[in-house]
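Two complexes are shown next, each including chain A; its partner changes from chain B in the first to chain C in the second.
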Partner chain A sequence: MLTYAIRRLLQLPIVLFVVSVVIVGLLQFLPPSSRAAAYVKSEQQLAHLDEIIKQYNLDAPFYVQYWTWLKNALHGNLGFSRVDKKPVLESIATRLPVSAELVLYAFLPTLLFSIWLGTLAAIHRDKFLDQLIRVMAVIFWSLPTFVLGIALVAVVYGYFKLFGIGRLPPELYIQLSQQEAAGQFHFYTGLLTLDGLLNGRLDVTLAALKHLVLPTITLVLVLGAQIVRVMRSSMLDELGKDYVRTARAKGLPEKVVYYKHARRNALIPVITLAGLMFAFMLNGVVITETIFNLPGLGQWAANAALQLDQPSILGFALFTAFIVALANIAVDLLYALVDPRIRYE
Partner chain B sequence: MAEATLLKPKRESFWRSRVWKRFRRNPLAIVGASIVLFFMLVAIFAPALTADRLGRNCLRDLGVSRTEAVKVLRNPLNPKFWQATLHPPPSCYKIPRKGYSPIPKPPSKKYPLGISGGGYDILYGLVWGSRSAFYVGILVISVALLIGIVIGGLTGYLGGWVDNTLMRFTDAVYAFPGLVLVMVAVTIFGRSLTVIMLAIAIVSWPTYARMLRGNILKVKAQDFVDAARALGAPPLRIFFKHVLPNSIGPLIILASLDIGSIVLSVAALSFLGLGPEVGFADWGQMVNFARRWIVGPPGEPLKYWYTWVWPGLAIALFVLGWNLLGDAVRDALDPRS
Partner chain C sequence: MRKALGLVVGLLLFAGLALAAVPKDTYVYMTYGDIDTLDPAQAYDTASLQIIENVYETLFTYKKDSLTEYEPLLATRYEIKDGGQTYIFHLRKGVQFHSGNPMTCRDAEYSFERILVTNPGDGPGWFFAESLIGYDSNAKSALGENASPAEYEKYWQLIDKSVECDDLYTLRFTLVKPDPTFFAKLLYAGAAIVDSKWAIEHGEWSGTKKDWLDWAGKDLRQSYLHQHVSGTGPYKLVKWDGESVVAEAFDKYWGKKPAIKKVLIQIVKEQATRIEALKRGDADRVTVNDWATLESQIRGLPGVKIWSDPNWARAAAGVIFFNFKVEGKDNPYLGKTTPRDLFGDVNVRKAFAHLVDQDALIEELFLGHGVKYTMALPPSFLGYDPTIPIYEFDPDKAEMYFKKAFGGKLWQEGFEVTITYNQGNTFRQTVAEMLKANVEEINPKFRVNVRGLQWPDYLRSARNKMLPIWPLGWVADYADPDNFIHPFYHSKGALAKRQNLNIPELDKLVEEARATVDPKKRAEIYKRIGRLAHDLAVNVPLPAQQAFIVTRDNLKGVYYNPMRSGTFLWKDISKE
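Moving on, here comes the complex of A and B:
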């Protein structure tokens, strides 16, 4: 198991290599001067594009260009983000906690909530409860993230004046940055809810939580609907199998049959989906962060795509590939934990 | 062999088949089919429905004057009606603007759904938006199916290392979040409807390739394929005459039901401002127009509700219709349920 995990982790650089070759390859469709813009940091440098082209070998053959790109990337130079006016790596570092906080709060509730509902629907197959859950699931599955998000902003935030938009109320944000400069507040993790606790500032944690409610609900509803559907059909599959009949024939109570026998097996396909979903949350995050004005990776990517800021988009794509590959490894390892029949040599 | 001695199995009529029976008895299937049918009718008759509010360029390209537009375009006996219905000029997909004021105007008699910021007629956008939704959905699905059939067919037919390599490649594309890939394409190739449609097709074929490969492997193992081989049919003939036709049918049906999710992806991109050019009748973009007006002025938070409710509802209903239909068809085709 451990050697398998290590071997899979060693494959990670290969995945990143392939993705980066594709990305740098796609960049070849652009003229060298546009590619050079990726490394421009200020107006003055625009006059010296030729030097940048020479410095980064941007008019050389593809393999030379890739080699130069790789050398720079390994030294942490992924280009300059025009949107943030910062190096790309720094942008990712400052924006990652915002997205991570959102995904963290959305992922577990989504999973637990939808496994519960999916099981419930399967147990009450074709009864009213099942019909209700199925219809709700298909409705939320069809609802575009941005429509749901906008509806929540307009009605819950606009009309009922509940919760908030952005990360924190502006006054609190300004106060915090002043206090950080004075050394009275430390951003240890970048996760505001956690930093608030670590600094003994409950008001910060509560304010941050209040601002996370609406985006979290959006993600949970849209993504949870898919898992409910998979969980229901997987549970129904298991309930039709022979071992379930055997368990019932032995006289086991229905609860034991459902939760100890069938559900454990029904979870296997859900794990695959959950792993994929974790990666796909990055998709959802692009839209949720744009609507709820959260300065995370998704909002950065959306703005970067609008302004044709290639280095930012490529950095985002590379980061996404990394997360997707990690999530896939996690799924494979979880399989072995859940299903003892699976052995990795 | 004489023609008369050949015993042919009787073809089961579709209307009496189990599949159709199962489908017909599912109330959600009827709801889904009705929604899709409604949007289809709106899309087909978009020119007639909006004859009273067509834009200047659209009328010019159709060769119809504004005064006679309603009479001509709503009369099925007039050749112009068929020209507009079957092949409207591209200028008709542009939403005509009533002034350039950035402030939305509430529903009125002439504009029953209101006017969005920038003077865009919401009713016109919704009606022609359903037409562009079908246009985009059908085109993207066709390209994705084509790629999926070529790759799935190659892996299924050749097997061995080709199968292995191509399937690993397919898995890689499948696992990557589509939106991110499309954003990369937009930043490199620029923003246009063609780029977006191609990019979405390029991220959505893996499902079809996998499905076709699975079907081919199943069909290949059946007796009639062995029989064909025993009769001395060459491998290519076996593949194209026996295996492929038997594995491709359900794939095409299931793929066509994905139109809803394709339209959803395009709408999400348009909402971000990465979609077709500004003014193109597209629901996602209309929600984007509304972004500044989600929360109204103090005291009237829901003042501009019509700017986002109508296009949002259109997208949600369209996708819901396709998803309900898709679920019902999958259930009906699945003999286990």
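Moving on, here comes the complex of A and C:
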């Protein structure tokens, strides 16, 4: 199993290399004046377009641009993020914790909640509970994230004045910034709920948690709906199989049949989906981040793509490739854990 | 059941009541524009400058909301000598930077020379360089990478001589020629005095000839002043994480102590989120995109105040540009048989001008809160002539002009043209769609397409002079008419050159105005330019929406100065 994981990890640099060549290559199809979009913001700067193209070397041939980037990347410098106005690595480092904190609180509840509901629906097939769960799943799955998000902001945050948007209330954010400057507060991890505890500041942790409630609900509902559906159909498949009939014939209690036998096997497709979903969430959920004003990776990537900010796009793509590869390996290893018939030599 | 419900509602209400608004000494502004940089020599966008204008200071500044009255900041008085070629500023004594360093003429000299030395292509340095050294770009860009050492030396001498200290508190600018726009340029928030000692200590340009060329055209976003500030302003930067800015009052500020002690400028992209935050009291001011949102979602909200005045207009102008001779092979914006000089014919331009229904635009887009323009110049600027007629909406006249165009050939054969706008700009989109509807109705052989371009495509097409007709605007860099007249009406102007405009008489007038120091005479020339441009219909000035500010109702001291990026300074406001 370990050798399998290592072998898979060794493939990673090749994936990263191909991804980077493809992206730089694709961007070359655009003329330099289009690629200057990340540098030119106003009509005024338009007058100096040629100068800007020269200044940022946008008219250099493909191999020169790629080589310059690769040389720097190998030295640990992924370039400067035009949309974020700081080095790409710094961008990832400051934005990853924001996305990660959301994943931390949204992923596990999403998973557990929807596996539970999916199982419940399958067990009560075609009964009222099943119908209810299915209808709800379809509703939340087809509900655009921005509709749900804005509704939560308007009703829960705006009308009932509960929870918050952004990562912290404004006063607390100002206070922490001042204390950070004075060396009285340290952002060790960038995860505010954790940093609060590490600094002995329970108020920060609680405030940060309060601000995570609404985006978490959004993600649980929208993403959970997909898992519920997969879990239900997978569970139904398993329940129709011979081994389940055998188990029942042996006189095992229904609970054991459902939860010990069938559900375990039904989890395989859910794990695949969850692995992808995890990577997807960690890479930022653009709309949720935008509505709840969380400066995570998703907002950054969307901005970078719109403005053709090459270093940012590359940095983000490499990071994504890395996370997806890791998630895939984790999924493969989990298969073996759930289903002992699967082994990796 | 009822009891339980009552309890839940009660609890929710309590949670609402228990919530405190932003404290009295704190100002929270939620807006959408990304801050590009905090370096005054690089900043060229309102989002960045609205921070810079509060943490840094210039020599002089606008008096509250006036564009014509100024007040001294880091200078106490100034003199103009040699017929407008020399400007002498007497600097304020006893001013400290946030770092604790005292401010002297060395800092002022360093700041302006740094703008001239670095002058990156995407920065504002060009308009200072134009006045002070006669170039509009940095040495590498102006002379080329392969210029001889002697040429570079000459360029450095120009910089070195243009800004000098007569003594520790007297700053002297020597211009290449008398320039009536120079003082207005010094009011630009980026003409700020930076802390030279502190900047040099942190690896910025040394202020000497030794490394000046290394800094020519450098992207200043990668150096120290991009993220760090030591200015003389009433506020000190606490943190800028690439998104929000936190600032606090500077306790050693030379002027009056501000009432607001803490400031948070928060970037919130989603308008609905901003509005909810305002309602709830988490924000003192928010950016609202348009009048429609203002009327439907903001007006009447308890605790919220809308500030507006019919005279409030941005220091901006927008027009419909016509390309006199469209360029580019396989141009997708022009029909195959349509002549490239379609808009070279004055009749076509006038016909289009008569098909813009200005009243409908103002009514529908700005809900009646709009200002019509007679020329491409903000009405508050010197030289604006309100008596120049505006082409009224008149399909009959348009038809007459179309029939005259190209000796009647155009009416027979028709044309196909694409109006482009930058995607996301609903105003320009509406203008384009209105023209499409109105033009196509006149003659079925006329085809007008409307296409929204992404910024990268827009840049490419504009640069290659491929666009035949496009609405576009420009916001003032500095409060001088030349900042509009040259780009909009001179054949070499930043915008007009994209339309292949070449009317020698206009060029002559624009240049004449540039060389005229007397404001009265200048104003007369601008009026003549406006009238000539109208007669030739070189472009169609578009109406602009009346400006407004949305705040909580306990915010006091709010005013509107179109040249301030934040419309007012933080130090001028307070809360009840």
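We take it that the second predicted complex is superposed on the first by the 300 of 345 C-alpha atoms of A that agree within 3 Å, B and C clash if a C-alpha of one lies under 4 Å from a C-alpha of the other, contacts with A are read in each partner's own complex, and residues count from 1 in each chain.
As a convention for this text, a contact is a pair of C-beta atoms (placed from the backbone, for glycine too) under 8 Å apart; a residue touches a chain by one contact, two chains touch by 3 or more.
This is a predicted model, so every value here is computed, not measured.
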item	value
First (chain B), second (chain C), both or neither touched by A:Tyr157	both
Partner chain(s) touched by A:Phe280 [first = chain B, second = chain C, both, neither]	first
Partner chain in contact with A:Ala317 - chain B first, chain C second, else both or neither	first
Contacts of A:Leu2 with chain B and chain C, given as first, second, both or neither	neither
Partner chain in contact with A:Pro295 - chain B first, chain C second, else both or neither	second
Partner chain in contact with A:Leu10 - chain B first, chain C second, else both or neither	neither
Which superposed partner A:Leu308 touches (first chain B, second chain C, both, neither)	both
Which superposed partner A:Leu30 touches (first chain B, second chain C, both, neither)	both
Chain B versus chain C as contact partner of A:Lys41, first or second or both or neither	second
Footprint overlap on chain A, where chain B in one structure and chain C in the other make contact	30, 150, 153-154, 157-158, 290, 306, 308
Contacting residues of chain B [partner chain A, same complex]	28, 172, 175-181, 183-190, 260, 264, 267-268, 271-274, 284, 287, 290-291, 294-296, 301-302, 305, 308, 312, 315-316, 319-320, 322-324, 327
Residues of chain C defined as touching chain A within the complex	12, 15-16, 19, 22-23, 26, 28, 34-37, 44-45, 120-122, 124, 126, 137, 141, 217, 219, 221-222, 226-227, 238-239, 241-244, 246, 248, 262, 264, 266-270, 272-273, 275-277, 279-280, 282-283, 454-457, 459-460, 462-464, 472-475, 477, 487, 494-495, 498
Contacting residues of chain A [partner chain B, same complex]	15, 18, 23, 26-27, 29-30, 135, 138-139, 141-147, 150-151, 153-155, 157-159, 276, 279-280, 282-283, 286-287, 290, 301-302, 304-306, 308-310, 313-314, 316-317, 320-321, 324, 328
Chain A - residues contacting chain C, complex	30-31, 33-37, 39-52, 54-56, 80, 83-86, 91, 94, 150, 153-154, 157-158, 160-162, 164-166, 169-171, 173-174, 177-178, 180-181, 290-293, 295, 299, 303, 306-308
